Amino acid sequence: MTIARRTTVPPAGEQSEQTVREVRPWRDATRDVLANRAALVALIILVIIVLVSLLAPLYASHVAHTNPFTSNVQGSIVVDGKKVDVMQQSATGLGVTPIGPTWHSRYFLGADGQGRDVMARVLYGGRVSLLIGSVSAAICCFVATALGIIAGYMGGLVDGILSRLFDVVWAFPVYLLAICLSIVLLTSTLTIGPISIGSGSLALPIAIISVIYVPYVARPIRAQVKSLRERMFIQAARSVGSSNWRIIRRDVLPNVLPSVIVYFPIMMALNILIAASLSFLGVGVQPPRAAWGTIINDGLPLLYTRPLVSLAPGVMIALTCVALNLLGDSLRDALDPGSKVRVGS
Amino acid sequence: ACSSTGSTAGSSGSTSSGANVSGSAFQAQHKGGTLTMLANGGGGTLDPQINYTNTFWQLYQNTYDGLLKFRRGVSGAASEEVVPDLATAMPKVTNSRKTYTFTLRKGIKFSNGSPVTVDDVLATFQRLFKVSSPTAGSWYAQIVGADACLKTPATCTLKGGVVVNPKTNEVQFNLTSPNPEFKYQLAVPFTVILPKSAPAKDAGDTPIPTTGPYKFVSYDPSSELVMVRNPYFHEWSHAAQPQGYPDKMIYKFTLDAEAEVSAVENGSADWMFDPPPADRLNEIGTKYPKQVHINPQLAFWYVPMNVNIPPFNNVKARQAVNWAIDRAAVVSLYGGTKVGSPVCTILPPNFPGHADSCQYTKGGGTTWKAPDVAKAKKLVEESGTKGQQVTIVSQSDSVNKSIGEYLQSVLTEIGYKASLKTLSENIEFTYIQNTKHKVQISLTQWYEDYPAASDFLNVLLGCSDFHPGSDSSVNIAGFCDKSIDAKMQTAEALMGTNPDAGNKMWGQIDQDIMKLAPVAPLFTPNLVDFVSSRVGNYVYSNVFFMNQDQLWVK
Amino acid sequence: MPNSPETNCDALLTVEALTVSVRTREGTANIVRDVSFTVAPGDFVGIVGESGSGKTMTLMNLLRLTHDPNLTVSGHVWFGGEDLLTLSEKRLQEIRGGQIAVIFQDAMTALTPVYTVGWHIAEQLRAHQNTSQKAAHSRAIELLKEVGIPAPEVRVNAYPHELSGGMRQRAVIAMALACEPSILLADEPTTALDVTTQAQILDLMQQLQSRHGSAVIFVTHDVGVVAQAANKVMVMYSGRIVEQGPTQDVLATPQHPYTWGLLGSIPKRGATRRTVRLVSIPGVPPSPLTTHDGCAFADRCAFVHERCVEQPPLVALAKHPDHSDACWLPRSDRESLRARVLVSAQPADPNDTAKRDQGPA
Amino acid sequence: MNTDPRSDATDTTSKEGSPVTTLQGSRPVLSVKDLVKAYPVGGNALPGSRRQRLVAVDHVSFDLAAGQTLGVVGESGCGKSTLARCIMGLESVTEGSVLFNDRDIAKVSRRQMRHLRQHIQMVFQDPYDSLNPRRRVVDSVMEPMLVHRLAKKPAARRRAAELFEVVGLSSRHLDRYPREFSGGQRQRIGIARALASNPQVIVADEPVSALDVSVQAQVINLLCDLQEEMGLTYVFISHNLDIIRYVADRIAVMYLGQVMELAGSELLSSSPAHPYTVALLGAVPDLAVGPDLQVRERIVLNGDVPNPINRPPGCPFAPRCPVAQARCIEERPELRGLPDGRLIACHFPFSLSL
Amino acid sequence: MIGFILRRLGSAVLVLFTTSAIAFLIFFATPGIDPAARIAGRGASAQTLAQVRSSFGLDKPLPVQYLLMMKHLFVTRDLNSFVNRGEMVVPQIVQAAPITLSLVIGSAIIAVASSFALGLISALYKGRVVDPIIMTLAVLGISIPVFWLGEVANLITQGTLHHSAFSWVPPLGYTPLTQDPIQWALHLLFPWLTMAVMYVGIYSRVLRAELVAAFNEDFVQAARAKGITERRVVLRHALRCALIPVISLFGLDLGVLVGGAALLTEVVFGLPGVGFLTYQALENVDLSMIMGTTIYAAFFVVLMNALVDILHAKLDPRIRHA
């Protein structure tokens, strides 16, 4: 028998009080994550990205002295003592090219098609992208957990209906759904009770994106709850007389929470990617707001002349998603004892 | 040799100088070869009575013929002239300008070999209503009997409206009221003569036999359209329908604009329909100057402001917008000074009725010089609309979007809380028309159908084109000024009798409207044609653009 | 063959000082410590011990079947003049399944679920014999018949999950016997089975062993099973052999206090809670991580004394040279002490809560 | 008890004057009557698909007096756990009734059921799985008290500490997670939880099967001591006949959902009447330690337990029974009382002996 | 078995119906996309609009319109595009499908081959340096937006380097296999690679995890104990079992991709496949085309789901009898 199987792993030695190491699942997990070098690097990258994104206004107003939301088509700046137009007319009068990277504080990465500072926009874009990613991941995980638990715990008809619903959302082509929804929501303000989502609102991409991946999380959660339901400790809780609601709260939820926590960074990465794809397709974050995806999209007409406009936000996306995925992986290792060989305790 | 005409014409817009009015004689040594053309997507149905796209209107010029036609084979203002095509001469106009009589040419055959008869003409006009041609209800509603046809298209006869006489080969049109633009409306593809055997429904991808030098062989909207010579064609009027040069024309629809530029650059295609993307202009302008042809278009880009809802129900707010927009910046975003010029009027330069004037430019004058943002801010202040929420609606393609973003930035600067909403171009145009959507301000453009001032002023800002609650309400600003509308009626009537006086009056109306500023004209675009290095004999018609069949590929 | 032991020329397999340790995050754990024994042809050796005492590790490392980079194995395993621990992988592959076959505890997980029983047996055959697929198949049917599976022609095409636990275990035994090995290693082959089925399997194994004359090394934690089947028994505790000898001797006159506990904790026929109290060993087995110099059982032993801080050697009984144990208690006292353990359990006194086995803490 | 399971156990006992089923004058705490539990298996809910019935528990009846232990023994899959779950009200009963102090568990309202739960508690087989790995053990032990509002949190915690001491654990370990305990310790925690609501009946479903031999004895001793102290009534399930014989006053031998033989512990082990009981006893190696050690000749059964879905029409044990006769295959024997007080479902009792 | 087929069919029809109904409803909930206004053209009069509406059945109640559309789509198969009246939906999709198939299958082959190699190496060398390197690359693969990668590929192959190192790369677009196999492959090479990157990332990670889990299984140790070669242990036992979930995953992805999820790649590389068609239909808000592609996509998803179930049963005998 392999030692990975829990039932054969002998318990910790309990000869004396001192030798017993206290087990605190969450604290242990944190320690495990921090002990994993890749996870640590990922965490550091993430913290840096979040920090610089949060500090974007500081950069824009104190370093670059620009407003990243105002077009600067006719402006000019002084680079190396020479006055240069931000948008440079070609000699033939055909075409206008934004200034390239100056590697100075202003227009460090050059300007975009509106003469705006790309560096400042990328930083501001980070705020929006991270916001969309995290909020939609949170909503998605929340909804998916709720639905997954309901479906898995209730079983029967409720489960059947919810599972079919997941199937349908899943079978519906993601981009089609997203684009259809965003066209509807863009053209008509969506009103759900007191909340009204206008076209410019970030709530729009967030709402769309959080719907799309609900089945992605809800299905495994449902499966997990289904198997949890058969576990003896749930039976024990039932035999003790706990109500279903109490069992869900006290016994089911804490056991699926680790999976949800593992899913969160992965969903966030996925959501950042899908938000970027939607921006590429022209639905998603609306100007003047900019997310990384919209900046890439803005830069596409300049791809061959000023590739940095599109490259910089793309690199940021990739970096963020790598960090998030690595974090998710190490969280899985830390929180899911089944996937790991534990010896001694 | 007209190949240089276009490229020299581009700078100022006065293209007529070097134009060869009669067109050059056919040069047999250049006959032959295959012309490969590129466009981003197909133009939809191939049915000329239904299709309303520039892509195919351009093609119909060398495939189909109406009774009348804009002169072909020439560049500049001469191309705006209407000449007889299948008709032997311009119509006799009688009955206080309500009856038009044509005589049909004899000996012309469709590409399926059957002769063109007056019955075909009648059938064509009936079919116009049977297939619900887009403008059947607006342009052709004055034909006697059109009412009934609009109500029940299936039984359309146009009895008394279109009268044909097979013996004399005459065709007579009877109108309910005079229509000075009728000759133009007979020169557009909606009224090209089709065989009476053409199905009374949208023909879709199935080609309908043609009369012109080329016929359609196959059409797949998602890949390509192939045209070859019409074996039954012979040149009957060099002015209306000259012989074409290439033996075969292939239109490919799969590449995007960037790829199209590359394809034309390396010679795997001869011409692209789409304007070259802004970032490639510099490259093609410097590397391939000989292959670039720039021509002014009879069009303008403008910003309609909804005069019925805040903040732009306040004239000062509208004027402020007009003051604040830096047209030069917008031209920059469009692609630079060569591809567009700032405008202050609704009627484009060189358009009938256009008069130079500029009410909203720093320092005054008749042409636009610079924005006056300070004044704009003051006006916003005075109007009491400062700080209001404004949503700009624009199309989502990169040029429109970037101009939209610029507008958003300008509106923010002069004191509004502005945001931008971009919609796919197919939705945007109808979306901004419908008052239900409460669009405050938007970005759009208008290209002429035919060279008449009413096609701009009356259509875009007349009361008759304001239909609240409808997706088809092209008066986007919702502007309806009774006195100006009356003036427009007068001017339109004047066009039938005294075109010069009429055009002068249109010019005045233009300025009157601009005082009330329901729109902010931005610029008039120039068309950039990029052709491969082997292409010769570039001819540009002001109405239907480049003459594809006149290009030499050999 | 430089170090080949001459002493046990009649031995089939000789294990010398087998030690297995594993590096873990918490430190190095000694899982098997200094285990030595010999197996003669026809032997039926039972290894008993609690969970985690290192039975499986001992067995698996005889054939170097553990593939964990953190494991270190030392010692010698002599088989046919070769040390299996230093043999090349290629030579080892010939021995595995050919001369030494293994039966795993859980037949369900020991058979690759996507292949039929027949496929497994054929693979085993073809790994060591040059037979055609067809011949292997018919041999598989024969083997299945031999282990008493009804309708073997049908069952040969069954997938593992289609068989009951007992049949699966029989199929595994058939597979192990396919190449007529001289040694059969069986890791708890009956633990997952019902008592009646267990009896069937034990019966079968004994029959086959006597028929083929191969030696069996047999791991279990059920002393009853050993009593029934084995002729030699080894009691393991915390990675060490604490007592070993002929089954009769060890069960009749157990020498080590741990063996006493083990035997005493099984209810005897006729004993009920009202008449007899079970002997229980207090506490739990030590973790393999804890390093103790002395006797590993000291913490739980009722007769612990000063000497126990030292590791006792495995010493044979004077009268029975085959029977040895590792305990410092004087031989002379063993009989009476054992009686005390087993007798003290006799009169159950339900009201005496002080006697209750206290948890370790 | 006569063959009619519906008749009252006490009455039959008095009629037959049997020593085994005496309930020491008291009414039974727990009485199971003609209990049937069937699961629909295979197919699906769509019309037209044939769903089969798996009868996991087949007409099982017994009575249990206060302070007594009923042992249930049988092979894997014979319905022992299902029986336990039905008694606990965790599973809806297909037929028959489970009476706790004369109240039918299957028929009471949800609220009453919750109330009843307080009095019947369960100890589970797998100590590694029966405690929520994500909750401190004290929470698990306090749960019954909080759910049944027997105590407020601080009081419940105090009681949990007491219970810990009772089951032989240190109250210092209250705030630990299950992972930190060995199997035996976890089982003690499980027992503490079962005791928390002061139950009258404890159903122990294979409480020691997952434990090592040495630890098994600890837990069995603990359970026995607790029973003496608190006057608990046990339904003790195991597949190990040794253990059942040791702990139980009466033993029910189950096979394929049916009770094959039900008799007093001593009677059953000394003179088993049913061939299956004989085989079961024979399969267990006898370990009489000492110089008189000898291994008994075993009775080895052939074949496997039949599929519970396609049960044979006759005696379920007939296909494996060494002394089966034609009648056994055709006719299912009913559970009937023998003069010595035992109940047996066999046409030919005592035809096989050890 | 009949029950199984019935259930499968039932759920397939349900999914198809629901997805098409959703697409339909979304369309009609969207203002400003009145197809009549667009069919009629700019500046059409109210009569013309009404006329168009009635002639295209747009004035009928929604369920009737839906049924009509379904009839045109499935029964007569002559559903016209709403935007380009001449375009018929079904032939368009039939024409686009081979392009999507070329893209998806080629890319799938690349993805499967490389992820097998990487996953196997990674699992075999678990704990050595190559493992984390491969796995980090795999994470990178799933972290790069595919459209961005495509654009970068274009930038490199079609941009400045096009005249030097990448002159052999044809311009964007598509050449049918039947026309010129070499051009076909050249046109699709970078789209293949671009699209494969993400799936290599996913599958190599999954495969590695499954293999590592399989290596811990008893049956692998049991296989070793049989004395068969390590190679056989890895390939025939561990890999064989690890493959089952990977293949299911792959099948589902394939369904989604063929169904149009390759949209981004097709758009970026100008491949006129189904995804591109969908994209254009969405740009034009062309309901009938959207309906067509949606149902097509859902069909493939459902089909692949069913195939995966069957394949799963083939590969895993445990499922077969469940």
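Should a chain be cited, it is by its letter among A, B, C, D and E, assigned in written order, with residues numbered from 1 in that chain.
Methods note: contacts are C-beta pairs under 8 Å (C-beta built on N, C-alpha and C of every residue); 3 or more make two chains touch, one makes a residue touch a chain.
Model, not experiment: these values are computed from the prediction.
Comparing chain pairs C-D and A-D, the larger number of C-beta contacts belongs to C-D. Of all chains, the one whose Cα centroid sits at the greatest distance from that of chain D is B. Centre-to-centre separation of chain A and chain B, using mean CA positions: 47 Å.
Computed from the mean C-alpha positions, the centre of chain A lies at a distance of 52 Å from the centre of chain C. Each chain gets one centre point, the mean of its Cα atoms, and the points for chain B and chain C are 93 Å apart. The distance from the centre of chain D to the centre of chain E, each centre being the mean of the chain's C-alpha atoms, comes to 55 Å.
For chain E, the set of residues that touch two or more other chains comprises 30-33, 158, 217-218, 221, 282-283, 285. Shown for chain B are the residues that touch two or more other chains, namely 258, 423-424, 427, 431, 437.
Contacts with at least two other chains are made by residues 51, 105-106, 284-285, 360-361 of chain C. For chain E in complex with chain A, the touching residues are 11, 14-15, 18-19, 22-23, 26-27, 29-33, 132, 136, 139-140, 142-148, 151-152, 154-155, 158-160, 209, 213, 216-218, 221, 256, 259-261, 263-264, 267, 278-279, 282-283, 285, 290, 293-294, 297-298, 301-302, 305. Partner chain E is touched in their complex by these residues of chain A: 1-2, 4, 38, 164, 167-168, 170-177, 179-181, 183-184, 187-188, 269, 273, 276-277, 280-282, 293, 296, 300, 303-304, 307, 310-311, 314, 317-318, 320-322, 324-326, 329, 339, 341. Residues of chain D touching chain C in their complex: 75-76, 167-170, 172-173, 182, 184-185, 188, 212-218, 220-222, 224-225, 228-229, 239-243, 245-247, 265-266, 269-270, 279-280, 282-291, 293, 295, 298-305.
Those residues of chain B that touch chain E in the complex are listed here as 41-47, 50, 52, 132-138, 141, 150-151, 153, 202-206, 219-223, 254-256, 258-259, 262-263, 266, 268, 423-427, 429-431, 434, 436-437, 459, 465, 467, 470-472, 474. On the side of chain B, the complex with chain A involves touching residues 258, 277-286, 289, 292, 294, 326, 328-329, 332-333, 335-339, 391, 396, 398, 401-402, 404-406, 408-410, 412-413, 418-424, 427, 431, 437, 528.
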